[in-house]
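Consider the two complexes below, in which subunit A is the common component and subunit B and subunit C are the respective partners.
Up next, the complex of A and B:
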C-alpha cells in the first residue's frame, strides 16, 4: 500500500484545514491575473524581462554531478533568475493562514523555496518566476482572505492589532483598502510604493467563513485546550502529540543514545 | 483541581492605557492615524530636535520620513504601567537612554566587586606579624572610604577626584562571624542580621562561615568612562594603598604584591565573567553575568520572601532590562527595537497575572510552594495550564494582544509565567526550564506562530538541553548565562531565565539562588538603585524622579 502522508492530527476544522494547507489540496477562490500579482510583489514591472544572476543552466556547462542528474531545476533556476520574495501578514483574527502553515505549505509543495517564519509575517524566497507562481497560488486560494492577509514586504505591524471598523487588518502604510464595491484593493505594492492602478484582490470572507477556514486555534472558535477553564480542559489531538514530542525531546537530551 | 483565577491584574493597566470605559474585549477599533503629535513625549522629541537642528548644522530627528513620508504613529500610542506600581510612563521613558534608573541599575552592577578580607589579613598576620583587630579593620575601612572614590593616601597630596562627583562610591564589609560583625562600626557594615529575615540570615552566615568580605562599589563615573574590567583594577589599587596606610607597611615591600594579587585575582568575585574573543568584553560586563548572580543581585527575596512569584518577577524585570535592552540591544546589536521585548515583561501587570494564575493553580493542586513532585509531569501540567490560560487572555482581550504586539513578546511572557510557576511549585530550576520550553511549543502549535527566525530555533530545539550533562549544553540554569551557547544571541529569553532560576529558590524559601556573597553585597543600603523593587525603580526613572550618579554637570557650564 502506498504511503499517504497524514500531515496533522485532529478531527477539528483546524486540524482539517492544517492538513489541507500542508498537502497543497487548496480550494481556489479567485483568479488574480499574473500581471497584477507581479505588480503587487513589486520586483519587476509586469511584462518586463526577468533580471538574471547567471546564464541559463543549459548554457553553463554544468559538471557531471549525480545530484544534478537527480534534481530537475525549477524553471527559475534553469533560467538563472535572481532570488525574490513574497511576504504575508496574517491577522490573528481568524485569517485562514498562519505563518508556520504557510511555511509548511511552501516547504512541502514548492520546489526550490526558502520559507522564513516569524510571528507577524511569513516570507518565502525563491527564483523570481518560481516565487511569482507560488505567490499566485497563495493569493488565489483559500490560504488568503484579502481583508485579513496582506502582502507586506516591510512595516508589517498589524497581525495582532484590532481590526479596523471595516474589518480590514491594520496597516500603517495602508497598502490595501476596502472599495465601495465590497472588494479589497491593493493601492500600494508590498513595500508601500503606490501602484499605477488599484488591483482588485477579491471580496473579504464573512466572519463565519473565516471561522470555518482558519488554521489558528482560538478560544472563541475552536479551542486548543478545550473549554477555556482549568476545570474542564480537553486537549486537542495536536496538543497531545506535542506533549509527546516535547517529553521525548527532553528525555533524549538527558540520555542521547 | 485548580481554582478559577479571576484577578486579571492587567485589566487595570489596560484601562489606564486605553481609557476607563474602554471596551477591552472589542476586536475592532477606529484607527484615527493621528501621527506622532498624539503623544506628549514624541511632541517633546520633535520640539527638542527642532531647537537643536540649527545648532547641530545637520538634519536630525524626523518621524515623517518613513516610506516616502507616511508619518509614524498611525496606531494609537499608549503609555505603560510599571507592574505592581502606580507609575505610568511613555514607552520612550523605558529606553535605557531616557531612563537614568535603568542606567544606574547597570552601573551598580558594573561598578561592584566583592573582595575577600581574610587572605589579606593572613598576609598581614602570618607573613608580617601585624595585628589585625576589629579596631584596625574599622580604621582600614575609614581610610578606604576616603581612598576608594579616588583620593590620595600614603603619597603626598596628589591629584584627586572631586568628592561631589564620586559620592556614590562606598565600601562596606560583611561577615558570617557575628562576633566580628558586632565590633564593626555600623557605617561600615552590611548587617546580615538586620537586613535579612532570620532564617535567611542564618542560611547566609552558614554558607559563608566565619569569612569576611568587602562590598566595593567604585564611583559610577569611573565605570561609565572605562568599563567593567576597570572595577577590580581601580579597587585593587585603592585597597593596596589603604592596607599600606592602615597597617603602616612599607610601600615597596613584597607583601604589598600579595595584597594586590589578592585584591585583583585571588580573593575577587567579579559580577560577570570575562567573555571569549568573539564577544570580547572584560569581566564585569553584562554578557558574563550569570542568571544565578542576576537572581542574587535582586533583593526582593529578602524584603518579600512570602511572595515567591513577586521575587521572580523582579528578577525578570532586572534581567530583561540588562540582558535585552543593554546587552543584546546595545552591546551586541544596537538600535532601539529591543526595549519593547523587555518592557512586555515588566509592565502592565501581564506577566504578573499569568504567573500568579499559574501559581494559584499549582499551589491549589500540589499543596504549596516547592511541594510538587520534581518530575516532568509537573512541568507538563503547569506549563500547559499556564500557557493555555495566557493564550486565552490574549484572545479575550484584544487590547492585551495589541499591547504585546509581537510574538516574541508573547512567547517570552507565557513561557516565563510557565517557568516561574513550575520553579515556585517544584523548587527546581531545571523543571522550570522544561516548562519554559514546553510553553513555547504550545504557543507555536496553537497559533501557528511564535517569535522570529532565531528565537524559534532556540526554543524548538531547547528541550534537549534541559537535562543534558554534556559540557557545552548542560549546566544548572543558575550558572548558565547570556553566553551559554544556545542563549547567546536571543532577545526575550535571558532575563526570563534569570527569573526562572530565582523562582526555584524563592519557592524553596532559599536566602540565595547561586552565591550568598552576591546576595549580601547587593543588600548594601547605600546602593543607589532600588534593588528590592526593580519595577518601581524603572518607574521612578521614567517619571524623572530618579537621580543617578556619575553626572558631570558640576564641572560643566550650565545648559
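Up next, the complex of A and C:
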C-alpha cells in the first residue's frame, strides 16, 4: 500500500486547511506576474541578471560525494545564486496562513529553503531564483489574502492589531493600500522603498471567505476543540492529539533519579 | 483640557473595534467636544513614523504619515498615532450618554465604552523627571507619553466648544 502522509489531525475546517497548506495542494486564486513579485521583494531589478556568489556547480568540479550524486541541486544552487528572502506578516484576524504553517509549507514543499518562524512574521530564505518561485506560489495561492497578509521585510508590526477601517492590516510604512477599484496595491517593496508603479495584488477576501480559509483557531470562528454543542461534547482530534503529545513529552522528560 | 468643575469627574475609555482613519477620529473627537463636559482627552494607538525606521530603506520618508493634523476646537495637533483608543475624563457621569451618542453617530462599526480609572493621580518617576518636583497642573498627569514632548503632543482647548 502506498504511503499517504497524514499531515494534521482533526475534522474542523481549520484542520483541513492546515492539511492543505502542509501538503502544498493549494488553490490558485490570482496571478501576479514574476516581474511584480521581484519588484515587491526588492532584491534585484526585474529583468536584471541574477548576481552570483559562486560559479555554476557544473563549472566548479564538485568533489566525489555520494550525497551530491543523490541530491539534484535546485536551479538557484546550480546557478550559484545569492541567498535572498521573503517575509510575510499574517493578521490574527483570520488570515489564511500563519507563521507555523508557512514554515511547514516551506519545509515540506520547497527544496533548499530555510524557513524561520516568529510570532508575528515568517521568513523563508533560499537561493534567489528559488525564493522568487516560492514567493510567487505564496502570493498567488490561497495562502495569502492581500488585505490580511503583506510581504514585510522590516517593520512588520501589525499582525496582532485591530484592522483598519477598510479591513486592511495595520502597516506603519503604508506598503499596501486599498484602491478605489477594490483591489489591494503594493505601493512600496517589502522594506518600504517606493515602487516605480503600484502593483495589483488582487482583491481582498470577504469576511466569510477568510473565516472559511483560515488556519487560525479562534473562539469567534472555529475553536481549538472544535464546535462544542449539546450533540457534540467531545473535543476535536486536533486538540486530543496535542494533549497526547504534551502528555508524552512531559512523561518522557520526567527523570526522577 | 477644558474646564474645572466642582462635580465628581468620571473617566471612560472608548475602544473601537477597528483603527480610526484620521478623518473619522477628528469627526468623533469633534462630536465629543461639542457634547461638552470634557476635562481631558488622550488618544492612543500604534506609532506612525515619519521615516522608515529600519532596514535598507532606513530614513526614507513615509509620505502617508506626514502632515496628519487633528483639528479640535481652536487647536490643531499633529497626529502621530493611528487612533485605536480614546481616554476621556468628563466633568460628571451625566455626560457619558452624550459621548455614547457621539460614538454611535460617528463610528460605522462596533465599539466598547468602559468606565474605569485611567489617568494616574500621583506623579510617577517619569513625571518627576519630566516636570520636576512640583507639577503646576495635575490634570497633565498621564496625558503625555514619558518620551513625548509636552509642547508637541499636548494642546489646551478653550471652553467655547467651537460655538
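As a convention for this text, the second predicted complex is superposed on the first by the 244 of 257 C-alpha atoms of A that agree within 3 Å, B and C clash if a C-alpha of one lies under 4 Å from a C-alpha of the other, contacts with A are read in each partner's own complex, and residues count from 1 in each chain.
Everything that follows uses one rule, which is that a contact is a pair of C-beta atoms (placed from the backbone, for glycine too) under 8 Å apart; a residue touches a chain by one contact, two chains touch by 3 or more.
All values derive from a computational prediction rather than experimental measurement.
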Overlay on subunit A: subunit C relative to subunit B, clash or fit: clash
Touching partner for A:120 - first (subunit B), second (subunit C), both, neither: first
Which of subunit B and subunit C A:153 touches, first, second, both or neither: second
First, second, both or neither for A:239, with subunit B first and subunit C second: first
Partner chain(s) touched by A:172 [first = subunit B, second = subunit C, both, neither]: both
Touched partner set for A:101, first subunit B, second subunit C, both or neither: first
Residue range of subunit B overlapping subunit C upon superposition on chain A, of 2-10, 38-46, 254-262 or 470-478: 38-46
Contacts on subunit A seen with subunit B and repeated with subunit C across the two complexes: 154-155, 157, 161-165, 170, 172-174, 191-193
Touching residues on subunit A, where the partner in the complex is subunit B: 92-93, 98-101, 116-120, 154-155, 157, 159-165, 167, 170, 172-174, 191-193, 215-220, 224-225, 228-231, 233, 235, 238-239, 242-243, 245-247, 249-254, 256
Partner subunit A, residues of subunit C touching it in the complex: 16-21, 24, 46-49, 52-57, 60, 62, 64-65, 82, 84, 108-109
Interfacial residue positions of subunit B with respect to subunit A in the complex: 1-5, 26-31, 66-68, 70, 74-75, 361, 376, 380, 384-385, 388-389, 391-392, 395-396, 398-399, 401-402, 404-408, 410-411, 434, 437-438, 441-442, 444-453, 456, 463-470, 473
Touching residues on subunit A, where the partner in the complex is subunit C: 42, 153-155, 157-158, 161-165, 170, 172-174, 188, 191-194
